[in-house]
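Okay, handing you the structure first.
Chain nomenclature is as follows: A, B, C and D, assigned in order of appearance, with residue numbering initiated at 1 for each chain independently.
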Amino acid sequence: MTQALLEQVINGLMMGSVYVLVALGLVLIYGVMHVVNFAHGVLFTLGGYLGHFFFTQWWDSFWMATLLSMLSVGLVGYALERGVFHPLHGNLRNQVIASLGLILAFENAVIALWGPNALQWKVATTEQLVSVGELRFSVHHLGIIVLTMAMITALGLFLKHTRFGTAIRATSQNQEAALVVGIPVRRVQWSAFALGSALAALGGCLVGPLFLVFPQMGDVPLVKGLAGILLGGMGSVPGAVVGGLILGVTESVSTLFLPTDYRDAIAFMVMVGILLLRPQGLWGQRVRGED
Amino acid sequence: MTSITSLFAASALALCAWLPAAHAQTKVQIGIVTALTGPMAAPGVFQMNGFKLAAEEINAAGGFTVGGRKYSIDLKVYDTRANPSEGATAMQRLATVDKVPVVLGELSSGVAAAIAPIAQDFALPFILTVPTGPNLTEQNNPFLFRVNANNHQLNVALADFLTKQAWSPISFIAWNNDAGRGGVSGIKELLPAAKDGYVGYFNVGEVDFSSHIANVRNSKSQAVMLFMDEEPGSLAIKQIRDAGLKVHLVGTLAMGSDRFLKRLDAQKLEGMLQYNAFPPNADVPRIKKFSQLYKAKFGEEAHGFSAQSYDGLMVAVAAMQAAGTVSDGKAIRDALAKINHTGVIGTIKFDAKGQANPQVYVTQWCANGSRRILYPDAAKAGCGAG
Amino acid sequence: MNHLRIQSLGKRYGGVVALDGVSLDIEGAGIYGLIGPNGAGKTTLFDCLAGTTEPDQGRVWLNGQEVTAWPAHRMAHLGVARTFQECRILPEETCLDNVLFAAQPQGLLANLAQIWTRRAGHRLAALDEAMRLLHLVRLQDHAHVPAAELSFGQRRLLEIVSTFMAQPDVLLLDEPASGVNPSLLQVLGDFVKTMMAERPRIMLLVEHNMAFVMDMAQDIIVMHQGQLLERGSPAQVQASAKVVEAYLG
Amino acid sequence: MGLKGLACLLVLLVLASAPWWAAQQPFLLHMLVTACVLVVPAVGLNLMLGHGGLVSLGHMGFAGIGAYVAAVLMVDARWSFAPSVLAAMLAAGAAGGLISLLCFRFRGHFFMIVTLAFGLMLHAVMNNWDSVTRGAAGFAGIPRPSPLRWGDQVWSFGPLPNFYALALGMAVLAFALQYLVVHSNFGRSLAAIRQDERLARSRGVNTLLYKTTVFAMGTALAGMGGVLQVSFLRVAAPASFTMLESINMVLIVIIGGAGSLVGPALGALLYVGLPEMLRLSNEWRLVIFGVMLVLITLFAPKGLAGLCARAWQWLIPRKTTAVAKP
């Protein structure tokens, strides 16, 4: 039993890491723009497909392909911010509806371009195995956890110790005040959107080789990422990390005790329950502008 | 009454045959409903391949003869996206706009259940070639036929084989859809001797099986049954093998093909069992012939869904020939009810409920990446035959 | 009647004390000016009285009935109407509909029944009064124009007219004069005086425009840092050293 | 009756006579029934989203409640159609009301995400509760409403034109309800909540109660749509009540014109008709719908209905223009 528990925790950390990458992007964007980008999942998918495309067509290097994919999806994010989300700012309802439109458009464009079948993305690290006692994990599997942790640390340092990071934090705390002290709020907004989108693409590229690249690959991470930021408290970066990891771990540990066909339903029930008791989430504070 | 109709039909046919004498061949549209997009798009391709192959074969041979007249086949295909409402719309269109004499296909049982009543409304025979939900043929619908084995038939065969292995406990990882859920409950019921292992369901789009695998390990199971399609199947097996789990693997017909092998490698698959409606390499002439045709056309190994669908279209054509009509749905239905057709997957003969009873095989992967047939005993054959 | 009593009302937001034990006794109809520097707690006091926020401590009575921490809609039913500092109207509705809406009964069951009965008697009865009030503020020509098309000053007038339309016993006006040009301000002042003459009631007026508030109010209440600083006639307050210090310091 | 009323009556007459003028095109009739099946829940969502400003991303989950309640009642308990519809609407509405009470604890985005979560939960129950819902393979064998008898006249709902009459009737009922609600005190309060919730509260509207009520109304209509759908398809399948279907509902309402009385009809007709007109593959058609949704939020927030109204104004300028006298 203890071994099963350990194994489930490691499994949970891995999926949790993917949720965290999605949740971080969502939270960055939410912080500076007060938009929940429901189209974040399709950016994750797009990232996976572009990574696969660059890998098979241009460079036979996972890292180059991933970087290129992050760059391209970052650009897509920039375009979406300028073209769709900024023009709709202040109108929460329309922003959400536009993001639903983007889901339909992107997901189906991906199917139209690459076909409905899953693509395989063969990378050496998925074949190398590491043994931990009786348990075995692929290097890629553990690599996702390590890389996500590294990304979180890097992002944390960036937000805390660079001028631009400070600008992002200031903008999420109080936009008017940030404007008053001369922070280029518009630039902060579009670059945070691009950065968040690139993180989603990173998620897609990390998961793609381990699992498959397929049109709906972003759906589950999106829903879980949303749950993660709700749980952690909207707008809180550490909250998104903790929320995503807690979600991943409880999800896999819960399979030890609970029927799996209701797994998502139970996860959401728990989330709603926690939020009813603590509406600001586990970590965050009540945010303004949500009335 | 029937005689008058048939007389009328015959004279009309004769008239038709006589009038455009210049055209030796007329096209008959056959309705196809399948999923080209949506969550069932991948298996939909295999289904379509079977229909295409059958249609081309018939057309290449100059069409088929009904009432002394040659007809070629034109497939009228509609995408149902695994959505019941789209399925109903497609069927309605086939029945009233395209006015086809017979409709074939579909993948998901829920969609098929929405199509079948419309078939009955318009007295239009509807032949299923993939959906496995047993209740489909329990609705007293005289116009519904099923070429493929349903969940119950598959389960009975598999349980028969598994009882002899006496593995216990047995765990399950299954797609949370009609095929997966039906498979788990069916096998559990038919294998009362095996102790309960772990049962894990996953939804479409879920790709991480690690938590299921940890539970299987924890349950000390001797065997794991994987009720899922090719794509998740390859992920599940890779993850199970990577995790170093020492269990017997039992899969579905989607996991017994060379294409599947390409996704993984022989070492990971070795020893794995799967039930199969169609062992593509079996030493049976009709199967060999089909496999060669398929490989020549699509460049890969034949798939069970293709074989079933190929047979479905062939049965439909045979029924039209037997009924002597390419337009009268009722007559074609009556012919279908009586048909006895030897197809690729075996003898196709529908029972009173419209269900055929094709042979179900159990095959196993060998170390060199070929397969052998283990069940039924009569068809037992060594590596390379499965 | 016409008796509003507030006892040691307190409210904090995080670490900021917005109201620090305010006690007030307002008896008798009339216009009461509520002034004080920014952050004195005037709007918070309004919010607590109108039920928009719950006070942390203290109690409130209206005409002898305790109404502490009642939600906004119940306060409205009791006859407390307010305007907002940021000016709130229904932008998509016409001016007339804005005013009529304020007179509409809001009981859920009655309104659900009205879906079927479609009785419009109440609305028709209010129509003349609504048009009369719009005339008084010279918005009659805009009666059928969506409120979003009005200028800011006109919106203010519309908001205040709507508030009167509800026939409240207690009126809370939050900075009605801000953003209103002098000629409209004149209209506004006349309108309020007319309405108060027609039916005396309690009106609390938060205002930074000193000339306006001193002209309108008979009694001035000064707040500072969440507390009551001074109360008296306009002349008394203007002469108070404490008040001058609070504004300057 | 104004010009608009006359136009509505005309359209209704044209639609009602469809079985005659489309007698040779039963497929057209089928598409019209499909549109009716979509329009009923869309009207419900329009009440919530268009009139009340509540974006629910789990609407079809409630349609599923109605569908399965009716399926169980009609098949297992052998109830007839009409009481089953009532029970289904009651169940869906009650579930909607109760669930919305939980959802209203959250604001803005939180609210939408929680409605999405409840939509997913409801779908999981439909898919997994095998003993009652027959699980993922679908609940087959749902009967059409039993025939009406009038002396020795029998009116069966089997033939498409007759079922179309029922579907159109239900759609008209939904629109009538929407009309009544919007042109009532309740509707005016609802509009006030959409435009400024704080103001509505200070005018005496118990906004929580009103929002819960409109959520219950909307979900009850969704339930009615669910029953209509399953008695049309003669099967209830979880695949009809997924998150994607809920998103499609939002799409229909927004493209048609949120908050417009005829918006849902325009949206549903376009949704059903466009693929027939364009003859594109499914993906490109959905790409077009997605892009349309974005464009409409950006440039025509009132949707097709708003565009039509503008065209109407351009053709027939109103006598009393909105311009004030100097």
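We adopt the following convention: contacts are C-beta pairs under 8 Å (C-beta built on N, C-alpha and C of every residue); 3 or more make two chains touch, one makes a residue touch a chain.
On a predicted model such as this, the values are computed, not experimentally measured, just so you know.
Participant: Find out how few touching-chain steps suffice to connect subunit A with subunit B.
Facilitator: Graph distance in the chain contact network comes out at 1.
Participant: Could you name all chains that are in contact with subunit C and with subunit D at the same time?
Facilitator: Both subunit C and subunit D are touched by no common chain, going by the contact rule given at the top.
Participant: Farthest from subunit A in C-alpha centre terms, which chain would that be?
Facilitator: Relative to subunit A, the chain with the farthest C-alpha centre is C.
Participant: Please report how many Å separate the Cα centroid of subunit A from that of subunit C, as a whole number.
Facilitator: Once rounded, the distance between the two centres reads 47 Å.
Participant: Compute the distance, rounded to whole Å, between the mean C-alpha positions of subunit B and subunit D.
Facilitator: The answer is 37 Å.
Participant: Roughly how far is subunit A from subunit D, going centre to centre by Cα mean, in whole Å?
Facilitator: 33
Participant: Using Cα averages as centroids, what's the distance between subunit B and subunit C in whole Å?
Facilitator: Between these chains, centre-to-centre, one finds 74 Å.
Participant: Mind pulling the residue numbers of subunit B that touch at least two other chains?
Facilitator: Only 36-38, 176, 181, 201 qualify.
Participant: Residues of subunit D touching 2+ other chains?
Facilitator: Touching at least two other chains: 127-128, 198, 281-283.
Participant: Note the residues in subunit C that touch 2 or more other chains, in rising order.
Facilitator: Residues of subunit C never touch two or more of the other chains.
Participant: Among all the chains shown, which pairs meet the touch rule set out at the top?
Facilitator: A-B, A-D, B-D, C-D
Participant: For a test of understanding, state which residues of subunit A touch subunit B in their complex under the given definition.
Facilitator: Of all residues in subunit A, those touching subunit B are 1, 3-4, 7-8, 11-12, 14-15, 108, 111, 116-118, 120, 129, 131, 134-138, 141, 207, 211-212, 214, 216-217, 219-220, 251-253, 255-256, 259-261, 263-264.
Participant: Would you pull the subunit B residues touching subunit D in the complex into a rising list?
Facilitator: Against subunit D, subunit B makes touches at 36-38, 79, 81-85, 88-89, 92-93, 96-97, 108-111, 113-114, 116-117, 121, 133, 135-136, 139, 176-178, 180-182, 185, 201.
Participant: Flag every residue of subunit D that touches subunit B in the complex, lowest number first.
Facilitator: The touching residues are 25-27, 30-31, 34, 37, 127-128, 130, 134-138, 140-141, 158, 160, 229, 232-235, 237-240, 281-283.
Participant: State the interface residues of subunit A toward subunit D in the complex, per the touch definition above.
Facilitator: 30, 36, 84, 87-88, 92-98, 100-109, 111-112, 223, 226-227, 230, 234, 261-262, 264-265, 268-269, 271-272, 275-276, 279, 289-291
Participant: Which residues of subunit B touch subunit A in the complex?
Facilitator: Residues 36-39, 41-42, 45, 176, 181, 199-208, 210-212, 214-215, 217-218, 231, 234-235, 242-244, 263.
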